[in-house]
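Two complexes, one shared chain (chain A), two partners (chain B, chain C).
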Partner chain A sequence: MVTVIFDIASFTSVMVLIVLGLGVIASMMGIFNFAHGEFVLLGAYTVYLSATAGLGLWFGILAAPIAVGLLGLIMERIIIRRFYASPIIAMLGTYAIGLVIRETVRGLLGGHYESIPEPVSGVFSIGGISFSIWRTIIIVATLVVLTGSWWMLARTSIGLRIRGALENPMLARACGVSTTRLYGFTFAFGSALAGLAGALIVPLYQLSADIGIRFLVQAFLSVMLGGVGTFQGPVVGAGTVGVMASGLPWLVPPVLADPLVFVIALVIVKMRPQGFLGATRS
Partner chain B sequence: MNGTKDALKTLRRGFLSGAGALTAAGWIGGAASGWLLRPGWAHAAGPIKMGIATDITGAIAPSGNADWQVAQFTVEQINKEGGILGRPIELYLEDTASDPKIAVGNVRRLIQERRVDVVLGGITSAMRQAIKDPIVNRGRTLYIYPQLYEGQECTKNLFCTGPTPAQQCDKLIPYLIKTVGKKRFAMPSANYVWPQLLNKYARKVIEANGGEVVFEEYYPLDQPEYSATISKIKDGKVDCVFNTVIPPGLQPFMKQLFESGFQKNGGVLTCVYFDENTLNYLPAPEMEGLYSCLDYFQAVDDPFGKKLQEAYSKRFPGTKYLFTAGAAATGMYRGIKFYEVAVKETKGDLHRDAVAAAMDHAVIENGPGGGAAMVPGHMHCRMNMYTALCRINNEKPYYEVVDKADMVDPREC
Partner chain C sequence: MGNEPILQMAGVHANYDATPILRGINLEVTSGQIVAIIGRNGVGKTTMMRCMIGLLPTISGTIRYAGRNITGFPADRRARLGIGYIPQGRDVFPRMTVEENLQVGELISRSRRPPGSEMVFEYFPVLKERRTQFAGTLSGGQQQQLAIARALIGNPDMLLLDEPSEGVQPSIVQMICRVLRSIRDKFGTTIVLVEQNLDTILALAERCLVMEKGQIIAEIPAGHVTQDSVRQHLLI
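Our next item is the complex of A and B:
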């Protein structure tokens, strides 16, 4: 039973970690970033590059959020900021960006799958039950990142300004808050979270160009389920999807579990269109 | 000044070889409408036109590129030795792009525009199913399919040169049960046709040899979480996992299985599509003790195969597309050689029915892993099969051939 809970918790952490960046950007900026999966991929790829260049895995994991965050900043300045007026076009635009990134990485990897070892591998056991060390680290890292992000958005002045700019951009500008800079920062922050997520999860999976896609659909489902507009919403949504995706295979044949997650989620969304914690602001 | 020029030259060469790598990686190849490899000489009767339809781009591009390189390599060897009865082979490539919808149109081009005499290629079963009709029925052209697969392909004028379930299971499973001493099998599988039909056959062999299948289960191809499966393996006291989970679901499965201590507690893992390419798919400790069964491993002690590998690495130095069995590359080599033998028998008559009649009983003396012989009337070939065990030396995984079976029957059709 303890193992079941641990396994579900570790997969849910992966889900939350991935959704966090997507949720921040969607909630704070109103942009659904379809390139999010590829930002996750780039985070994973950074670790791979760092490992093949002999800089080590830890360096890669630390460098990933910085590198992807910087890329996010550049993207926002050059491309994303042109989309704020039209969220639908933004979806197409970010999808295109994602496609370019994904196929570029596929070319660089030659289409191969690469295995990246955990920086700390193996298991530790408590009371005869063994736990994977890296999965434990992911759970802890998720909690730390989650608390850190929440603290930054809810308790610091920059968080206040971000929320203010979200609430009423015109008023924020009138108060001397540079919304353009804030948007740039928020997008970079969301991208950095994606990069970190990619770097942390890649040892559990294989590095391939499609690593991000696997999670992208479920990540969007999480955001939908949790509701856009708040920080907590997507996180709760990710938790729900994560628990369902890892818990259902215990109850039903795995082939059925996958679509069942979507069915359940869609039923919930049908009943609560604004999501669990969706802001009802119109 | 001269120095700058030289630097520029090397720069450009670097760029060009970079572009070559991109082509190989499938960035550029797909955009052009097919490729052509012309022989360096001609013959009055014209060349023999051979079409290769394989996945140069998309998800299984690594295997497709390996097949294309082996096709070039083999055809160049034949042409260097004077072609087939003095006629050179001209090679045409169409990208099937890992996508049956795109493939059908491209393959049609091979048949209708290039008018090739034979088509070789296709890797996945979905691809074979999609392109066999445009080639064999509407195209009235001979088709050779090179990949290990689930069997049951009995179309006239379609010859299979890769191993069948019987060839992969008939020796391996008794070996696991009788020699390694494992009895309780689990079959975690990706949810598509190859694992389903392979498992069906494997189950029969397991039960016939006194083993038992504890569970057989199918997953979405990219499932990232397997804790429910791992717990079934533990609770069911499984001692042999017959795995047909494929990437991208493979790594999380193998990692969770390894972390559960399955191998440490004496469990054995077998995976019949694992070849030298997959050695790097997983961390070395997870690979240790894994069994595979294929028609060729680079570790096979046979001088012909060794010479072949040397020549291949000389032709494609440092290539990441290896000449291995799992990528259908050995089947590709065999297919081209079978065709050569058949055309020699028809004395250069390239009509489909004539060549197919000769293909039906064609025999090749040598190949990677040994010779092969078509089973008359069955469109599949007998070949040597090798059971290999993955070992670790200096943290590097490698295969050791532990069992060999001569000329195993495909038992198809």
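Our next item is the complex of A and C:
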């Protein structure tokens, strides 16, 4: 039982990491980033590149959020920012970018699956039950990221700007907040989180071009479920979907579990279209 | 009081949803003056305010502020140049506390000798009592005080107010008028307000510009703002 809860917790942590970045971008700019799964892939790929270049796994894990964050910043600057007025086109744009990234990496990998070892392998045991050290690190890293993001949002000047722009973008601009710069920062931050998530999960899954996209649908569902506009919304949504996706296979045949997650989530979204904690913009 | 113009608009045209609203606005506001823009509903007063702060783009014409052509500047840059804007409808950040709302206002003033929250609390004591309360839970009059305090704390050289008296009880309106006058007297702040309330206009305005169909059609010059002259234009 404890192992089951641990497994659910570690999978849910991964979901939260992925969804936080997606949710932050959706809340701020009102667009779903369809390339988010590919940002996860790029985070994973950075670790692979670092390992094959002899720089080691840890260097890759630290470099992944920075590299992917920078890429997100550049992407927002060059492409996405031109399309905020028409979100559908912006989203199609992110889809196209995602496709290019995914197929490029697929080409570079030659269609192979690459195994990345855990930087810290092995288990530790408490009371006779053993826990994977790497999964524990993922859970801890997620908690650190969550706490850090919350702190940034609640206690710093950039957080104040972000909350202002979320609640009332027009008024924020009239208060001297450059939403243009803020959107770039938000996009880079969301991308960096995806990159970190990819770097952390790649030892658990094999590296393939599709490592990110497998999470994307569940991540969208999480954001819809939690609602956009708040920090807690996507986190709660990711928690719910993560727990359901990893917990249900223990209760019902795994073949039923996947569709069941969607059915339950869609029913909730149908009943509460704004999500659990969705905020309406003033 | 200086005599040089702080704000100039020349031939400004602007649309709202492809409908032309401003059809060639020409005006000049002298530094340190309190100017009211008056006119009936739907003549483009709010649109003109949004053009001044830069939340609505101009189609043609130029806007100059403190000698600079700011026509192409986004709103946040204009705000950092010292234009404070208080939109219609007691606009605050409802899910932030009173204190946080003021902190957003203070963001601009980093480089502009911030007067600090103590000064605005002196003017609006009720905000000090409610500093930890969410702005969305304040009454209409308190929200309007917060909106003005938030702009003041950024230490603006020019303040734009869009119908400050709308939906606020008369005693609070009087208090707000006193505060605005004393701000101008103390700091030389230029004040441009859109207003329909006769009492507020008489209490504050030194000069009135009358707007109709997207143009400034008349002016009540300084020294001539009286009940009769204003009423005459409000009733046109």
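The criterion applied here is as follows: the second predicted complex is superposed on the first by the 280 of 282 C-alpha atoms of A that agree within 3 Å, B and C clash if a C-alpha of one lies under 4 Å from a C-alpha of the other, contacts with A are read in each partner's own complex, and residues count from 1 in each chain.
Definition applied: a contact is a pair of C-beta atoms (placed from the backbone, for glycine too) under 8 Å apart; a residue touches a chain by one contact, two chains touch by 3 or more.
Remember, predicted model here, so these are calculated numbers, not experimental data.
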Superposition on chain A - do chain B and chain C clash or fit: fit
Contacts of A:L204 with chain B and chain C, given as first, second, both or neither: first
Which superposed partner A:R81 touches (first chain B, second chain C, both, neither): neither
First, second, both or neither for A:P253, with chain B first and chain C second: first
Spatial angle chain C-chain A-chain B, Cα centroids [nearest 10 degrees]: 150
If touched residues of chain A are counted for chain B and for chain C, the larger one: B
Where chain B and chain C come nearest after superposition, their Cα distance in Å: 38
Chain C - residues contacting chain A, complex: 53-55, 74-77, 79-80, 85, 87, 91-96, 100, 103-105, 107-108, 150, 154
Complex interface listing, chain A residues touching chain C: 157, 160-161, 163-164, 167-168, 170-180, 279, 282
Residues of chain A that touch chain B when the two form their complex: 3-4, 7-8, 11, 14, 103, 106-108, 110-115, 117, 121-123, 130, 132, 204-206, 208, 210-211, 214-215, 245-246, 249-250, 253-255, 258
Chain B - residues contacting chain A, complex: 22, 24-27, 57-62, 65, 191, 217-220, 222-229, 231, 247-248, 250-252, 255-256, 259-261, 280-283, 285, 320
